[in-house]
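Reading through the structure tokens given below for one structure.
Note that the chains take the letters A, B, C and D in the order they are written out, and that residue 1 is the start of every chain.
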Amino acid sequence: MDNAVHSSLPLWACLASLLAAPVIVLFRREPSLREGATFVSAFVKLGLVLAMLPIVAGGKVIEFTLIDGFAGINAPIMFRVDGLGMLFALVASSLWIVTSLYSIGYMRGLHEHSQTRFFAFFAISLSATLGVAFAGNLLTLYLFYEMLSLATWPLVTHHQDKEARTGGRTYLTYLLGTSIGFALPALIFTWIKSGGDLSFGGDAILASAGLSHLQGLVLLLAFAFGFSKAGMMPFHSWLPGAMVAPTPVSALLHAVAVVKVGVFCILRVVTGVFGVQLIGPGGLDVGIVLAWIAAFTVIVSSLIALSQDNLKRRLAFSTIGQLSYIVLGAALATKLSVTGSILHIAAHAVGKITLFFCAGAIFVATGKKYISQMAGLGRTMPITMSAFFIGSLGVIGLPPTAGLISKFHLVMGTAEAGEKGLLLVFLVSTILNAAYFLPVVYQAFFPKAGTVPEGTPEKFSWSTVREAPWACVVPLSITALLSIILFFGSGFLRELVGQFVSGLGF
Amino acid sequence: MEFIQNSVLPHFNYWVYVILMMIGLYAMITKKNLVKKLIGMTIFQTAIILFYVSIGVKTGSTIPILEHHAEEHGEAVTDTGGHHEEAPGEHESHDSIHAVDPDHFANPLPHVLMLTAIVVGVSTLGVALAISQSIYKDFGTLEEHEILEKIKQGGPGIDV
Amino acid sequence: MSEQLPAILLLSPLFGALITGLVGMTDHRRCFPILATALTVSLFCAISLLAQVVKSGPIDYFVGGWDPQRVPLGIGIQLRIDGINALLLVVITTVALLTSIYSIRRAGEENTEKTPQFYMLSQMLCVGLLGITVTADAFNLFVLVEVSSLTSYALVAMGSKPRGTMAAFNYIIMGTIGASFYLLGVGYLYMKTGMLNMAAIHQILSDPNVGHSPTVYVAFILILVGVWTKMAFFPLYGWLPNAYSYCPSTTSCLLAPLMTKVSVYVMIRVMLSVFGSEWIFQSLGWSHTVVWLACIAIVAGSVLALAQVELKKMLCYLIVAEVGYMVGGAWLANHWGMVGAIYHILSDAFMTLCLFIAANIFIKNRRAERIDQLEGLFKKMPITTTGFVIGALAMIGVPPTAGFFSKWYLLRGGIESGQWGYVVALLISSLVNAILFFRIFEVAYFGKNPVESHDAHHDHEDETQPSSVGDSTLFSGEGRPTTVIPLLITAAIIVLLGVFNGPIVEIIQQALDGMPVVGAAIR
Amino acid sequence: MKWLGLIATAFTGILLLSATPYFPSFGDPNSPANAGVNGGVSVSQYYITETYTDTKVPNIVTAVLADYRGYDTMFETVVIFAAGVAIFAILRSFGGTTIPSHPTAIDTSVEGDHQRIIIGMTCKLIIPVIQLFALYVVAHGHHSPGGGFQGGVILGASFILMALAKELDTALARFSEKRYLALACVGIFIYSGFGLLCVALERNFLDYGILHRLMPATDEIMARSHSMLGVEVGVAFTVTAIMFAIYANLSSKGRLEQGF
């Protein structure tokens, strides 16, 4: 690419949190210093990412080669920051700051054990997330993808009890199993078919590889199921299983970092490996198959979410649904749908993290996990519940929140692709989203007579408010406000994404 | 019969070595007593030595040691089987042996190789006997099935 | 002096053994310095040989001065060092040096008054292995195989465990059968070609009426069966699990990484230099059956490893599976399969060494043989466990370790040559490895039976005060530094070998140009 | 288990026999091994014709053993040395538990006396002669069948005879453990020392020709012959020491006292 700028910024952004891990371990005696280290590295990381924003926004691409070519595989470990990578990095690093604040409150609130290990591995997994965001070719992407799976395992099994063990076991068998089982052979097959070039720049890797329809389909599905972090059915059940983890882990990793990495990889596969022409009807016409699998996942996961009483499991299944929106948008491979799916990464991240924060706050304050126990909660925890309301609007895609913009693009994209059936799927799923979020909010503020657990005051009054510690409440209100701000100020996001999408050669 | 004529008789040695080797192999695999296994192993190795030595045989040739004789015997002795007393030790002129006829002497190379193989056989046998003695010291028996029995029971002495 | 390097490379461990014999008996403390100097000298020679080979191509060294200008080829014994065995030389000397550092205190503890004998035997084992790697003479290879096997029989039988001596006995029987079959195969070749030098045999075999006679086929079968027994390829692996898990710990660290890998190298050397890939892959056409045998070896090795309870036994069955990788890779009749097999020899040596050192430290410190007795390792011995984790990740094939890249080349070879069975077997074995090692991490991380579910409202001791590790120094729970440092060096080498596999593969490909694998796909 | 063994053996046997008809016939002078393949160079013919001119050693086998393929023989000696060290490592026990495994060999009855005296006297007479013959065999390896290995074994056998005739202690008195282990090391030192000397004089390993510079009044070829003798002596040392070591350890189960 002509406008490639060489700078080591992406490397330092990646290393910022990786280097924080040993520092955190060093300060394991002084908790305040340890938390300080996490914060410093979070701000440094965001600063580096923001430093790269103007360059990328100006249409340039930042490239940096860490280790040049391996003889056999002339695919170096290199970073290449473009619009898509920048957006995802922005979302991940900004939300990390908020989550750090939240997790300090949560861990201290619940006197969790071995917090040093928690914060260290948290930092390492963030650096892996940025690694994936900035990956310049498929090999680097796979490298950081595997690193993320391994770095998050200790977080998921943090409680070290029986449930954590089973949760961890499913988590790993799915993620490592599918990545070695499907993604590795697909990676090598792409590498052979493309004659040894794996980089995302320039035209798509397999554009000129002359694949047959069947080969293309098998390869696409191998990638889609290989990157099972995207939670496509039938390889989705690691996500509800991972709800065993403490809430900050679920909040950042399973709303923002881990799952978004999965979807990000699929977007890279669609745009970088196959190229939008090859996916769409003009080329091998394989995208539509993936779209219908995603649609199936959306409907089924929303139905399951409806039936879940445990709040975190409901949020988990809703995440699976939302992720499949993004995959759907990517699979349709029209200009609007791809833009919509990229925007939805940001919108859903902000919305879903708020909901997870609220779930954690409720657990810290009242110890309640099940929605049936949460009647009348609005009276004692007004801020949390209103943030929960805004978050759920964001996920459903209603006006004041950013969710609307991304869903609007997605729907317009589907219309552009002329897929009537998928339009219906969008409609039904939006209704289902509303069906499993709004009752929670309604019941919290206007509980029916019989359902209120005793001890909750009759009417709302400031005196009876018992919120979670401020360190939990402040972050969730920030993310709720962010969701609204993104609705109004989404100009720079759309411009960033638009520029990336135009480079895809529609 | 003609199979015997043209394929067994000219390769008689090689048939013998194969049979010997199979006896050794059979003993090694199926015999229960450890020492009998070692005897099988030795038979197995000796058979290979027989094979190698029978490669280097030339009919009508003598051992590969060049005799040095008085002058009159300039050209190499070609008549087979004639015995010659050896001129004692000293050889007058260095070039008394020239134009040696290779067919007159046996092929030395297999003999050299087999010297090594014999030495290797002895060493392996020595180490194997030492090991079987230390097994006898630990298990008190040399019958393989009894030893495996003792291992299975995992007696106190076993899992030291 | 620089062209005498092959001789010095072999002589320094030999003289080390002899000096230990003379001097070490009286005062055991003198043994280690002699060993260390001998191995460092040969490591230095190996590295400079590698540099020489990379700079100016293969080196031919004729012992006794019988070089082809004066006498026809095959009179004296020839040593030949090309890209492949130069790398293997460096690997052998490095593994030997790391094991010797590991054995500083441990040899003394385990073999009490026989420490000098232990050091003499291990140095002679190194001489044997270096000799095997360097020689280009078929019979000389047999003699050196015997040197290394005899010393390894003794090293296995030295231990105090009674089961070790019984395992050594089986190892002797199987080892002798293997070596004798190889000797017989060389005899058959000698009978048909009259030569012992590998290059000379190759020349004569290349003309069809000699090359295609049944004797040469039987010779190839014999050599193959012999070498397969030495490398514990699947049907003939009976001796390996007991021998390597009941022998003294220092022996297992020395033997496990080297013996099987060098035998795989011997197979590849015989296949490429003596018979030539055209003869094997075209006229013979067994590559399919052998690759299927390799697939069975891989899957069986992994599944058997899954069924094991003892840690070292499990690692032994993993070695059997890894041998399946290499044999399969070599027999894919594909350039990249061969490159993958050779690269896997190098990476697998270090992976096995890393895992065995870590396993021995665990067993020594926790006094526990079985996997489920290894709870609480992450907390008690964080440094050693990280070493073990890196080794395990390499075995699973996670980038950027060496394991990933060797699987990459093997998979590429498999896909390009259309052996889908081999590709599937590789993936299954990687998954089983993942399960194997995460089962251990789980025990190490959770402890044997984790406390009941976490519903109690967090009555854990507060994390804010120092965590239960409460170790004053960092190394309190760890093994002795002399055992942990080699582990960390090996783990570092595994990652470096992975990251810098480009130059290594380039050297291998340069060496393979000399003997191209027929049906070689585009590089 | 028996059936499995039988099948395996039968299968290998048939495999080996299947190739026999294609062997060159036994004793055929121009088989590939004896006369090279279709007129090509034959290694064995070279040895027969050129040995005398190269090394002045009439016994071609010794010449090939010690010079042409000297590298093989060096590792052969290392194999023996390794066997000796191995047996020491496996069996040798320094524990004090002297379980009287056998009644002392010395039978004090009258007939026992006679026998001991008879055997003792005859051995006293024979052993020196055996040792002398052994040295002859080592020294005459060049001209007559013999050499380092054979001479060494005979020498070792003389010590074993001494141990058998009297007790192990008398033999150990003359050839103690420390001595025979040191002798074994010295043997290989001599062998590889010759090789190293050649390397020191800038010629390939074991290329004896260059040693004529160190030996007075000898040309390149005679130097080869003399250094071969030196190498044979080294081999004889090692073989003697190790043969006796094996006997001593095996007979006394590694405790090296009152074996029988």
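In the analysis below, contacts are C-beta pairs under 8 Å (C-beta built on N, C-alpha and C of every residue); 3 or more make two chains touch, one makes a residue touch a chain.
Nothing here was measured: the structure is a model prediction, and the numbers come from that model.
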By CA centroids, point me to the most central chain in this structure.
-> C
Determine which of the two chain pairs, B-C or C-D, is joined by the larger number of C-beta pairs in contact.
-> C-D
Using the average of all C-alpha atoms in each chain as its centre, how far is it in Å between chain A and chain D?
-> 75
Find the geometric centre of each of chain C and chain D from their Cα atoms only, then give the gap between the two centres in Å, rounded to an integer.
-> 32
Measuring from the mean C-alpha position of chain A to the mean C-alpha position of chain C, what distance in angstrom results?
-> 43
Out of chain C, which residues touch more than one other chain, so two or more?
-> 139, 143, 146, 150, 153-154, 157, 165, 190-191, 196
Shared-contact residues (touching 2 or more other chains) in chain D = 16, 23, 31, 33-35, 42-44, 47, 69, 72, 76, 79, 82-83, 86-87, 90
Hey, what residues on chain A touch two or more of the other chains?
-> none
Chain contact topology (line, ring, star, complete or other) = other
Every chain pair in contact, whichever chains are involved | A-C, B-C, B-D, C-D
So, in the complex, the side of chain D touching chain B is made of residues 1-2, 4-6, 8-10, 12-13, 16-17, 20-21, 23, 25-29, 31, 33-35, 42-45, 47-49, 51-52, 56, 58-61, 64-65, 69, 72-73, 76, 79-80, 82-83, 86-87, 90-91, 143-145, 149, 246, 249-250, 253-254
So, in the complex, the side of chain C touching chain A is made of residues 336, 339, 393, 396-400, 405, 407-409, 411-412, 415-416, 423, 427, 430-431, 434-435, 438, 442, 445-447, 450-454, 457-458, 460-464, 466-467, 499-506, 509
Per the touch rule, the chain C residues reaching chain B in their complex are 139, 143, 146, 150, 153-154, 157, 160-163, 165-166, 168-169, 172-173, 176-177, 179-180, 183-184, 187, 190-191, 196
Contacting residues of chain B [partner chain D, same complex] = 7, 10-15, 18-19, 21-22, 25-26, 29-30, 54-61, 63-68, 89, 94, 97, 100, 102-103, 105, 107-112, 115-116, 119-120, 122-124, 126-127, 129-131, 133-134, 137
Within the complex, chain C is touched by chain B residues 25, 28, 34, 37, 41, 44-45, 48, 51-52, 55, 109-110, 113, 116-117, 120, 123-124, 127-128, 130-132, 134-135, 138-139, 147, 151, 157-160
